[in-house]
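A, B, C and D are the chain letters, set down in written order, and residue numbers restart from 1 in every chain.
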């Protein structure tokens, strides 16, 4: 993956109900989901009467660096959210959870995904006199909850709202009296139910965020279903017929390798993709190296299948973070990659096969292959453990616009020439789907095939999390 | 390596002379040495007349986050320093480079190492009326430079000072007119000479810090030698007979794997240590995993030699940094490791062989092996790619006191029991030295053997960088 | 005035239209209105297409301390707001200007005052499905602007909204195409029209905020009137019959002494109040001193009328600000007033007459009179240049609740005893009104007389700025 | 006084011994001395064994804003220091108290004044091999304390050091075992002894800093004398013959009006200067106004003597502080004085007599008189309550260099023309001295007369506090 302009994920959500450490668990929960969004984060907490929220721009660690902040989020119910990075502090208003005061009480919403009918719903509400405070499509969900009429039961209001939105949504909705997890009929994005050591319910985008606080993963929220947790316990409400179209890119890149989604262990899938890649695109090479960390597992799979020894060709610098500001006074002198440095002793004089999980714009891959050659690699062969990305995503992944998707406008041969590699091989769509447990029809492959399982509304923002 | 209480390195130094981007290059230079010290950092810069310095507590990125700071460090000569982490902002006065105004002009000093005769030198100067501003032993070097008498040639004063100090020192000394690199007769710590793209001279503790700014590594400063750079060019001055005793722990843990020290590529050495470890301590295991990142290369070597497949058993969380403050309100709920999470799918039901580079106190290793078992590992075998650490270091490594060195007070069997592993194997001293290029006699093995190449003065601080 | 728990003002507003330095002028404008609110501040700016806003907790200087912030607020129209101090960063959402995206476009609103029918309007909108993001009553104005139906001319929508709200409001409303100033029919709070050196229009709560940027005060916005400024120039629209009820407390305490409101120069009014006070409540005293700075002008008037010499009895410490945090470790040792220190040489052995502008809870006055006596004053006579405050304000002043208004529950004699003064005199309502230029009937005296010119709705928040 | 480039004072010192709240009292003590220096501040504290120090750039409130900082300064002895404002964070090393570790133990020093033989002492020590860490002359005192030989009794070492320095010094020196206050033979700067409520000893530059913590002023440290406080109690040691030459500028401007120095109450002196000024320089004017706050007392005296009524012609903005950064984006629009605004209603159409305490460069006075005229003043007469300042100060006041002292290069008539005032009058030296209690010969008038009571060494920095 192009680490300087990576595909950006559709946020991450976490929640827990009836737990004396609700905010603290949510803090660790969203901390472990930080890879799904580093632009902003927030936690909303309820004590059964009010909902208090803290959100900010930046990483979870920075936003909650002041101990007092978390200490003030008292109560037994909490939801949290991380959001991907864009620029500008002025977007604090877009940070989630969103909170709204309505005649039906207060609602907090954390949304991972993208409503494909957001624009028309927004227009409908605006015409009726509604005010919008954010530029996210998530806000229409609040207006659906707040509108006049309908049941005064919060769970029924949430189900009714879910029936009106289209597209991708793994949602957590909290009121002072309940916590609801809702997943769209396609199950585009992952959403797990877990159980705390004390037997209470928790929800998260990914299972590794359960590990830090000893929450047991139970099952994935079924597509088209709400899981409602309140004083009476938990219950499932199916609000729509499931028509699974799980995002495969979660397996390829987004999700943590130590988790399980759609029934498959992510790291195992990635190794299998690497093995399949070795079968589809073998090469005469001396060593296999990964672009760390996104290509690690696939490179391991490629090495195992091909028998070409695995080496560590790049060293990752762990001190480049969001706090690292590259002074303009210093930038002219910089002639290499701050994040990854080539291990000259490993690659010098070698025919190097580099494995990455995906290529979006190609500029970073090109630069890194160049550094390998500068360090003495005799040949550089690039292997990519997913098919060429040719179409934008409208379900929560922020790929660059079509014009910036290298594979949308170039042939494989052209791309090999542009990136200056001796050979280039992408995994096939069929090969990719073959390593997954579920039927091929239950996955979304739109970004590779252009085949969109849910129609896109004119004027829709392609941005995830509604922005 | 125990990552929560790791052995702490003896700082890192970087310098460049007669370069229009001196401060910027030094900034990137010490940034790439950040692993050698995260407590404090600083840069001193000279425009040929004055020496300006900025230093602070924390990481290089944080200290120089304000662009103005670097912009004010104008001039063509610069030296920088990073220092390891202790607690307390009150120690800003100990941050380096140290700067002193004397009758001989202004000197800036950056020191990696530990003067074993620091206490007696300090007492001598105090008796003569000197004032000490820091609690570091590095400060005695300034007093040696400032003292009355001797040559008024700065290089000669530096050579004379070097002849009076004992122990470990890779030093950079800068005046408005020259830059000097000095390395102790034992060459305990690494120190490189490099050449910029424009043909100017640079110095650094490690070669990877040259890569970012296109500096070519030339050679290591010979033990007992000064390299003097000034308007006349560069020249070497041997001030003492070399008696090499290079620190092997630099290869085992401290130095970056993408560099070369004492003539050997670090990653190649680590893989060779892993291969030797496999020969000395084989095991019936299903998979080999590393403690990332310190055990990565050795695990790779072990896997290659033993034929047991390498797997990724732990995922590292890149968002735990110095900015991550663990709220006390949140800590009770935490039940796992913030930095490393086990990949359940990789280890469940397996006989797991774990490779780490070293074990100091054993508490972290114990905890991590425990998590492996919780995640379903059937057996856990621990292999350590260096011998048991039994003695403190007085040459610049901050090992815990002897009482805290697990191997100083326990047998291998006891340690296996304490860490609850099914088997435990450490590399032998002979095996370790065998993989290195230089004669065994040219290395310091004091922390493993108790055999100290330079005598230790009574009352000496064991702390590195003089603290 | 009790400076530790002062009556808190109803915010301040400033705006300018069609000026290339709109944000900068607004910055200085609200800086000069800082005394009207130190809790939060904000500026919204339009470039004719979008509205950008920056707001924060704290003082204007702190919120805009980063130059980049102001530099990003480009455009030729701007409005700004300061808000009084309460506690808690969580109230950032209440900071103004408020901004709303509606079907009629984007509106920014800055409000000084209090809608007395805020609760019922809010209930009406909530019943129709509206979402509220703040706890301020100012937000209902946005919903009135956004509602379905009505004219699509922004100025007409603003006039229509003004006809529905009751109570106190000096409002600035900005869209990308115009800037409107609106003042309630009672003209409770001041609101000025000014003209820049370039002939453009500006608005402000008080005239001194014009002085910093060479804006000429023109006239006060007439009660019940809008002043609309757009590309066509400026025009007045009377939306309601004026029924003046100007707040006299603006003269007594809130407004800056270097300004003019309701046609009278504030400092002249204060001196006249002091002179009238001397006539109503003479005393045998050696010196007259003021509680600085709020009592300065009245004390000067008292001295002039009575012939008793004016002395400086207290010295104000200018370094106690919002950035001054009193460490709890230090607080036990503190035995005097951080802000005002007694000038012993001035008061020792004297019969001291102290003039303050008002007394709310009486605790600070009591303490200060005590310090005078500790410093050797023989007698302490307290004179207050307004009548006893007995009733809460619902038009934008945050007096403590009725139970905390000293004069609401105590007689003059009791108050003199409680504050331990030798005599106590308050100005009469008639005496106060007599020094003003307009007819007595055109002022609001509710806090002294309980005679409310606009009825109060059940459940109304007494807080200013809608909170 | 020219408030934008005011004469800068020679720092302020405060100390207390054997008090359980030593650091907290010192915190409030230096807070109340903040007017004597806003560049940096610090506190050193001892628990009888070690000396801990915290210092920083900025105001006392900002430096100690983090409660933890003060909480860590435990112990029963403390000294504090404030230093005037210059630019640049790089001067943190110059902030006091200075602390030195020597063979005689640890010493902390806080210095108000200027050693006139600092350069030669510094040269002497440098020649002997000493290192200097600051650019202040205060540091030579540490070297005098540290030097070899002499008594090992700290008080005797301090007395011996005092006998070697020349010029102005009100010094506090602390070791773990004692606290010493020392004042130069001329008594240039004030220095008080006080007694806490518990009967312990305290020291301060000015008495108002005692008021906050209920310390009783006892007497001023006699010139040429040490007051030593240790476990045995307090004792006085005369180390030199007193030859008083008290700085009159302390009365004119520097010292707080609520204090007493050299036996006279400051505010009474200032009023008397104003009365004398009225006698020397009467005028036909309608009102007297002060430049607040420095001219307040003199204006009051002038009004009383002349019978011309006192008015408030300027309003001071209390929100302009060090935290107020004037954005460059905003500066072009600024056309008036951020700190003082003219009260138009007070001055319009009037013949205005303005009283200020002193004029240094004349630019601010000129600008303010201009604003008065812009606001409608018919005539502007300037009266200055001290003589024309013609010579630099070498005893601790930072007047601009001689070339910038307006009165050094212009006649009264020229100055009146430059400042565009209708008349200009300065107090005479004789008139000034006549209002003071001590004989005229016991004051230093060098800045007015050029008559220096202690000879100045070639090359001496004119800067106070040694910089």
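One rule holds in what follows: contacts are C-beta pairs under 8 Å (C-beta built on N, C-alpha and C of every residue); 3 or more make two chains touch, one makes a residue touch a chain.
Everything numeric here is computed off the predicted structure, so don't read it as measured data.
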Contacts common to subunit A and subunit B (chain labels): none
Chain copies touching (subunit C, subunit D) - same or different residues, decided at half shared: same
Centroid-based (C-alpha) most distant chain relative to subunit C: B
Subunit A and subunit D: spacing of chain centres that average the CA atoms, whole Å: 61
Centre-to-centre distance between subunit D and subunit C (centres being mean Cα positions), rounded to whole Å: 37
Where subunit A and subunit C are represented by their mean Cα positions, the distance between them in whole Å: 49
Interchain pairs in contact, sorted by label: A-B, A-C, B-D, C-D
Subunit D residues within the subunit C interface of the complex: 21, 23-25, 27-28, 31-32, 34-35, 59-62, 64-65, 67, 70-71, 208, 211-214, 256-258, 260, 265-268, 293, 296-297, 300, 304, 309-312, 315-321, 323-325, 327-336, 338, 341-346
Of all residues in subunit B, those that touch subunit D in their complex: 52-54, 72, 90, 99-103, 123, 126-133, 142-143, 146-149
